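The following block contains the structure, expressed as structure tokens.
Naming follows writing order (A, B, C and D), and every chain is counted from residue 1.
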Amino acid sequence: MSTEVTLDCRMDKVHEECGVFGFYDNDGFDVARLTYYGLYALQHRGQESAGIAVNDDGEFLCHKDLGLVPEVFSDLILNNLKGTMAVGHVRYSTKGGNMRENAQPLVNKYVKGTLALAHNGNLINGAKLRNELEKNGAIFHTTIDSEVIMYKLAQERIRSHSIEQAMLRAMDSLQGAYSIVLMSPRKLMGARDPYGFRPLCIGKMKNSYILSSETCALENLGAEFIREVEPGEVVVIDHNGIRSIKNEQAQKRAKICIFEHIYFARPDSEIQGASVYEMRKLMGRHLAKDFPVEADLVFGVPDSGLCAAIGYAEESGIPYGYGFVKNRYIGRTFIQPTQAQREQSVNIKLNVVKSAVRGKRVVMVDDSIVRGTTCANIIRELKEGGAKEVHLMISSPPFMWPCYFGTDIPSRDVLMAVQYSVEEMRQKIGADTLGFLSMEAIKEIAQNLNCDYCDACFSGKYAVPVPNEANKMEFE
Amino acid sequence: MSTEVTLDCRMDKVHEECGVFGFYDNDGFDVARLTYYGLYALQHRGQESAGIAVNDDGEFLCHKDLGLVPEVFSDLILNNLKGTMAVGHVRYSTKGGNMRENAQPLVNKYVKGTLALAHNGNLINGAKLRNELEKNGAIFHTTIDSEVIMYKLAQERIRSHSIEQAMLRAMDSLQGAYSIVLMSPRKLMGARDPYGFRPLCIGKMKNSYILSSETCALENLGAEFIREVEPGEVVVIDHNGIRSIKNEQAQKRAKICIFEHIYFARPDSEIQGASVYEMRKLMGRHLAKDFPVEADLVFGVPDSGLCAAIGYAEESGIPYGYGFVKNRYIGRTFIQPTQAQREQSVNIKLNVVKSAVRGKRVVMVDDSIVRGTTCANIIRELKEGGAKEVHLMISSPPFMWPCYFGTDIPSRDVLMAVQYSVEEMRQKIGADTLGFLSMEAIKEIAQNLNCDYCDACFSGKYAVPVPNEANKMEFE
Amino acid sequence: MSTEVTLDCRMDKVHEECGVFGFYDNDGFDVARLTYYGLYALQHRGQESAGIAVNDDGEFLCHKDLGLVPEVFSDLILNNLKGTMAVGHVRYSTKGGNMRENAQPLVNKYVKGTLALAHNGNLINGAKLRNELEKNGAIFHTTIDSEVIMYKLAQERIRSHSIEQAMLRAMDSLQGAYSIVLMSPRKLMGARDPYGFRPLCIGKMKNSYILSSETCALENLGAEFIREVEPGEVVVIDHNGIRSIKNEQAQKRAKICIFEHIYFARPDSEIQGASVYEMRKLMGRHLAKDFPVEADLVFGVPDSGLCAAIGYAEESGIPYGYGFVKNRYIGRTFIQPTQAQREQSVNIKLNVVKSAVRGKRVVMVDDSIVRGTTCANIIRELKEGGAKEVHLMISSPPFMWPCYFGTDIPSRDVLMAVQYSVEEMRQKIGADTLGFLSMEAIKEIAQNLNCDYCDACFSGKYAVPVPNEANKMEFE
Amino acid sequence: MSTEVTLDCRMDKVHEECGVFGFYDNDGFDVARLTYYGLYALQHRGQESAGIAVNDDGEFLCHKDLGLVPEVFSDLILNNLKGTMAVGHVRYSTKGGNMRENAQPLVNKYVKGTLALAHNGNLINGAKLRNELEKNGAIFHTTIDSEVIMYKLAQERIRSHSIEQAMLRAMDSLQGAYSIVLMSPRKLMGARDPYGFRPLCIGKMKNSYILSSETCALENLGAEFIREVEPGEVVVIDHNGIRSIKNEQAQKRAKICIFEHIYFARPDSEIQGASVYEMRKLMGRHLAKDFPVEADLVFGVPDSGLCAAIGYAEESGIPYGYGFVKNRYIGRTFIQPTQAQREQSVNIKLNVVKSAVRGKRVVMVDDSIVRGTTCANIIRELKEGGAKEVHLMISSPPFMWPCYFGTDIPSRDVLMAVQYSVEEMRQKIGADTLGFLSMEAIKEIAQNLNCDYCDACFSGKYAVPVPNEANKMEFE
């Protein structure tokens, strides 16, 4: 929910790969501007690049660049993006350097005209498909899976009657997670992989249709939530209205990534029937039940731990408060302190509210532990600030396995929970208590969902065959 | 504490005018970069321009421009700002247009070389002094009081032995609020008006000295808080260390602006002996005592009402939670929705967490009411989101009088509390309860301060003679 | 040779499409920076985008954008472009809008790694090839022929032993004009179509090799001119040195575009054995012989007519001088006068030197007439400035036919010479004499070349089959 | 006349300090845009900063920054500069660093409202006046003389009836060269020092008035030249039309800086009754008479020697041609070759046309020699390019004395002509002949002027007392 996530917690947070958005206008709306606000509401899903493609009676115009939504688009640019359909994208990327080419939506010419594609997720067999295509003479301009998907669409289109049929057929060869918004000269489409790992929902605003990764973007536009795109479904919106076709491999119930509810999604979104905010509060309540401590104050690490902290406070009866002030002004251009300055204690982002923690036994709630380094720093500062005890509650089970479905959970060898027992972790981090949400708690909380869920990063139980950990790198 | 304050609450929030910072190096620190982090910690005090002047053995270099601290300074620029002293400034301004000239610090040549000046506050007799100077042939490049102060310094310097004496003498003619950081070729100085309306404190980092509007900037740098600059005091830092002289009109106890504790300052700062965070919690507690209601949920309007809401929740025993999600990504370049889009319910900044408020009786805490329009909108949205009752608690008394000391409380004719009774306000805003903090509560809470306070905006009791309201405009 | 060409003569000048450059380092040179200077020397061949790709031991980095060479590259960007090979490109484009995608070099992944390609010229069968590729599932990111060439290379590479063999084979299907610089992980290559329409030469600097559209870039770098790449030749530079293979369809003698000597190339370049400057002077001399007039002053239209004007003055004995001052400061961002302002006589680029032309009979030399509008304006201004007679000499025959080989000579229906006789043109333009260089003169002058030439835009005699004029649009 | 002058001949060219422009509208013209074109025509007089101030019924708006006119102003900015009067300025500055503050016009508030001032020239007693002002309490924001003039105006205004009277009185204390355009709330004024060192002329466009450093700006706007502002004259334009008052010290005949005709002004301007182009041709003719040589080719160093070269060619009968091609694309951001690269012969700006000079005896004409280094390089390159002999003709006498009137001729100790005899210079430069224009020739040519002239940089005869050379630095 905040810019800083990618900027200075980079080493110790897991990131979502993308947010997607689409708009099909039947009311004379300014589609580029509404897509701008839609992407702005989805900014937490990706802060490294942003893009909008519009379709003006078959003519496509696209603007995209590195940066936050308000950095990439100016009034002038939005004024030039006229049309009756739009596709938008925000992206998080682990790839460094000047990769402007990798910004989405991708806009390509193919045998039937032009296509614009925005993609959230990750293909398990992306590298394999890319390889096969190259062996047949394909050239690639980017290093992203979206270009592989685009190629498959172009090839399937040759033997299909329609682009939506091509999308359905492409699903047979695309393995992994993908929630896609696709725009052809006459249609706006949404597609979700047969497992439904990543969210994608349909909204309506007067007579116009919206596709969005999360419902918060619908709420921000004052649009109505219709339903979620189902696993393996292709939703087609055109001048005939909305209709749907489905891939045969489609699972009955989505296996939504449970980390959407734990951390990725905005608290005001509802995903697969459950309020993210309420889910997080429940996680906090479970932690309070499983790890009761004597303490004077409960607070969350802003912003990822705030909602679960409220649940913990409610369940435990320990007063809720603030432990930190977080500086909100960081943007792309912020100059990080040097290592030398950090050693001089220059600490620009989170500041302990000393008057609040001094002499107190505190419960601090956060969403997860990756490498453990940030946690350790924060706890040290709390103790330097006068906290007598720090009880750390984590609103997820320990990360034990890599993710192949669109998040950047790193290889096992850097995951703290792979290397150490919980008690060892507690000691290394310097916490007086360290509690993780249990798999059972997840299971119980997940009953609020209208579908199944993927918890492979905790359990190692992947819904589909995945490559060996040793080979993980080649799939990135 | 957040960028957005100036951007979309512009019509319904009161603003601080500025933050000031100074650094005198005795340890080989990178003064420009540390001033950058200091200003970054003070960013909440002014988001419209930022500037740093450094002094390299008598040679002054200055960079300043419109924008946030990270927007104004790049790595390259900071690298060029070499020196052993620095003065920094962040500014909020009610003046529109391209006023790059008004950015601070001001750097001027005068009879004794160069001076750099950063100023927080407002002169009551600024226009009068400007007039007198012009009648004697003065020319002005800016429209800010700081240039008037600079002129007075230049004139007093002619008949003084030192720049600090000149500063002391200038105090005799400067009426109003000013906390100043001043840099001459060999000295860094801090000065505070004889009433001490605005904060200014002294810090130390190894053997180097810091001046800062608030202590949070010291904490961010890992510096030690020494003490506050006293009313009417001029603190001089040079190669002999730190020393102090005092104006004869100086009050014994500062009359700190109480709105610093209510809203302006960062919660993690301590001002005049009191933690801002604790003061705000106390305000919430008082509201809970004075306006007890039956309710299911307490929350604050982010970010201005959050701390007081915690106090209210604690005192009342009603659960604390979230009512809104606030989008944090807004920067200077964000494109606001048009009026037409707003009417289509495009609502990009605050979003109600419907699952949290649905069917609930809620207590919402905010810091103040100016025109009342934003409050009314927020309450309407809460009710549309399903809240059964909305009890609004304001952690300050009603604004009844203009401020002449450095905030932009508007003229009386637009202040809602001047035009309506509290009951009328409640009805217009659509709240089920409307409670304001009482003057008695302020008085009691203020016992935590080590000084007096100014509450003229609530009481109309000004510490110094002020012009008629009718004439207010000429003082702006 | 000047920025303005593309900016305000846009309607009445013919443009070259591109300049290409390559560098293979064996001496530890800064390849990006030398390519920057090389492109800067070729800037006259394209002012709309610029790009450099470097190869650092197989890793490719590319930076390109819309703008002039000095606008696109900063010191910081050049510092990041480290490597031992580089490919550069400057581009002129008739396509409007934000076409950053079309900037070159193209950098693509394919079955054998990465390729970077810079292209000058135009394919006759570009649209046809694109179509065929799309029918087999290809997707296109750009609208330029270079991407078609890249695809053909990728496909031919599958059945070839080397990238240079693939290039040679691709020549069999690529029809039209192309001078290419190509970079693979280990090789830098230059290729020229079997007719050699566009120039491409080889240079050497110590032990390092250079490929460049023109020799002026070699001179600017202090490099030695080795020879021209021959028609249908692929030159390969790698750690074994330089070697060459040749397509079987290669013509013995290049059919260089004669308009390179008339207008496109820089006067200080030598192309196909002839100095551009001397060729232009000869054209002027021929005009003086064929169209002798009584006059007091000869001058050229800056900068395109200056060299030929010197030849005319020499041959005729009429004094050479200046007729205009040309404002040199125009850049990308220059704001053109509005139509209303132009009618108020606001005239910002060329200004008549009235003292020079007042009362004089003048001979004005220019390189060509497209639509005739600019000529007419200039002559009117000369006469308003006091010129008694204006004798217009054009150092080329009349444009009668479109070009399919890389220049933007427009369709026949806008060419003045297609619509009117020379006498009618003279009257419409308002000249007292109008002389065009004859085809015979071209033939005689071209004896200085070491090859044949293409004059199809004058003669309609195309070296290869071209589409009907009616179909021209599809080839653009 | 070209951007490059300030960029790479920096060490060996003399620079004009500024160009000024003013517009008083009576016809509904877009004053900002016309001032933009006016400044664009004067760009050769200063390339380091540009600014425009407009006056909208007494409200002043100003935009100025470092850069060329097209770099400083965008369409958006010009659209915001609405008004009925404008003052514009382009500036050359020898002062390095980020001196945005020194850009003009200066806009200041003073006792009678607002003033905008643009200044071309240099005060001899600027430092002295600045000192006196500071002793009386003045503060300075800039280091330019214009601020001193502004102060004097503000002080004189107190005891004058009008701003024009104040200007006239200020002249009594301002010593040196100044051509000023001044804008008060109701008047546009032009003023020229009592000696008239720098040009300033009056134009008319329909019923609107223009003030401009040179006539070329009038021609570019299609305006009519009225007359020159006279020495010591203040011209006042307001709703009553145009009127004039004169300082008592005013000389009858201006002492125009003769270097305006030699180098500074644009060839298409007329200054003090003489065409700059014709004057330069005459200089070339005199050189041909005084230094006849046997040669095959005459050319000028672009652009400063081109006009005189034409005169030399005409008088001598030796053919005129090109010796160099000059790359025109250099802008502010061009990255100069490093010293190492220069030693590798990277030579990006002037390139010898080898085919033109090979085996030839050439006459090269340039405007002046300052340090002699550039000349020597150019001659070396010509000889390396095959020139058999190089006869260098300089269209001015040798620089022997500093200038105190607005050009940056350096101190005597770096002037080549101060250190060496002409024969020694010839040898050092490597020329076969070195001819300088004689003082007698200047005198004869100057008969075309309608006034006297200042040739102090050649003769040492200053029209007014100047400081000792030893003290020159303090006057800069």
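In the analysis below, contacts are C-beta pairs under 8 Å (C-beta built on N, C-alpha and C of every residue); 3 or more make two chains touch, one makes a residue touch a chain.
The shown structure was predicted, so the numbers you read here are calculated from the model rather than taken from an experiment.
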Response to the item:
Maximum distance between Cα centroids and chain D occurs for chain A
Discussion item. Roughly how far is chain A from chain B, centre to centre by C-alpha average, rounded to an integer in Å?
Written reply: 36
Worksheet entry | Geometric centre distance via CA averages, chain C-chain B, whole Å | 60
Fill in: Distance from the mean Cα position of chain D to that of chain B, given in whole angstrom
48
Worksheet item: Multi-chain contacts in chain A: which residues touch at least two other chains?
Response: none
Worksheet, complete the sentence: Per the touch criterion, the pairs are A-B, A-C, B-D, C-D
Worksheet, complete the sentence: chain A residues touching chain B in their complex are 1-3, 29-30, 33-34, 36-37, 40-41, 43, 47, 68-71, 73-75, 78, 205, 216, 219-222, 266-268, 270, 275, 277-278, 281, 303, 306-307, 310, 313-314, 319-322, 324-325, 327-331, 333-335, 337-338, 341, 344-348, 351-356
Worksheet, complete the sentence: Residue set of chain B touching chain D in the complex reads 61, 63, 80, 97-98, 106-111, 115, 134-141, 143, 147, 150-151, 154-155, 157-158
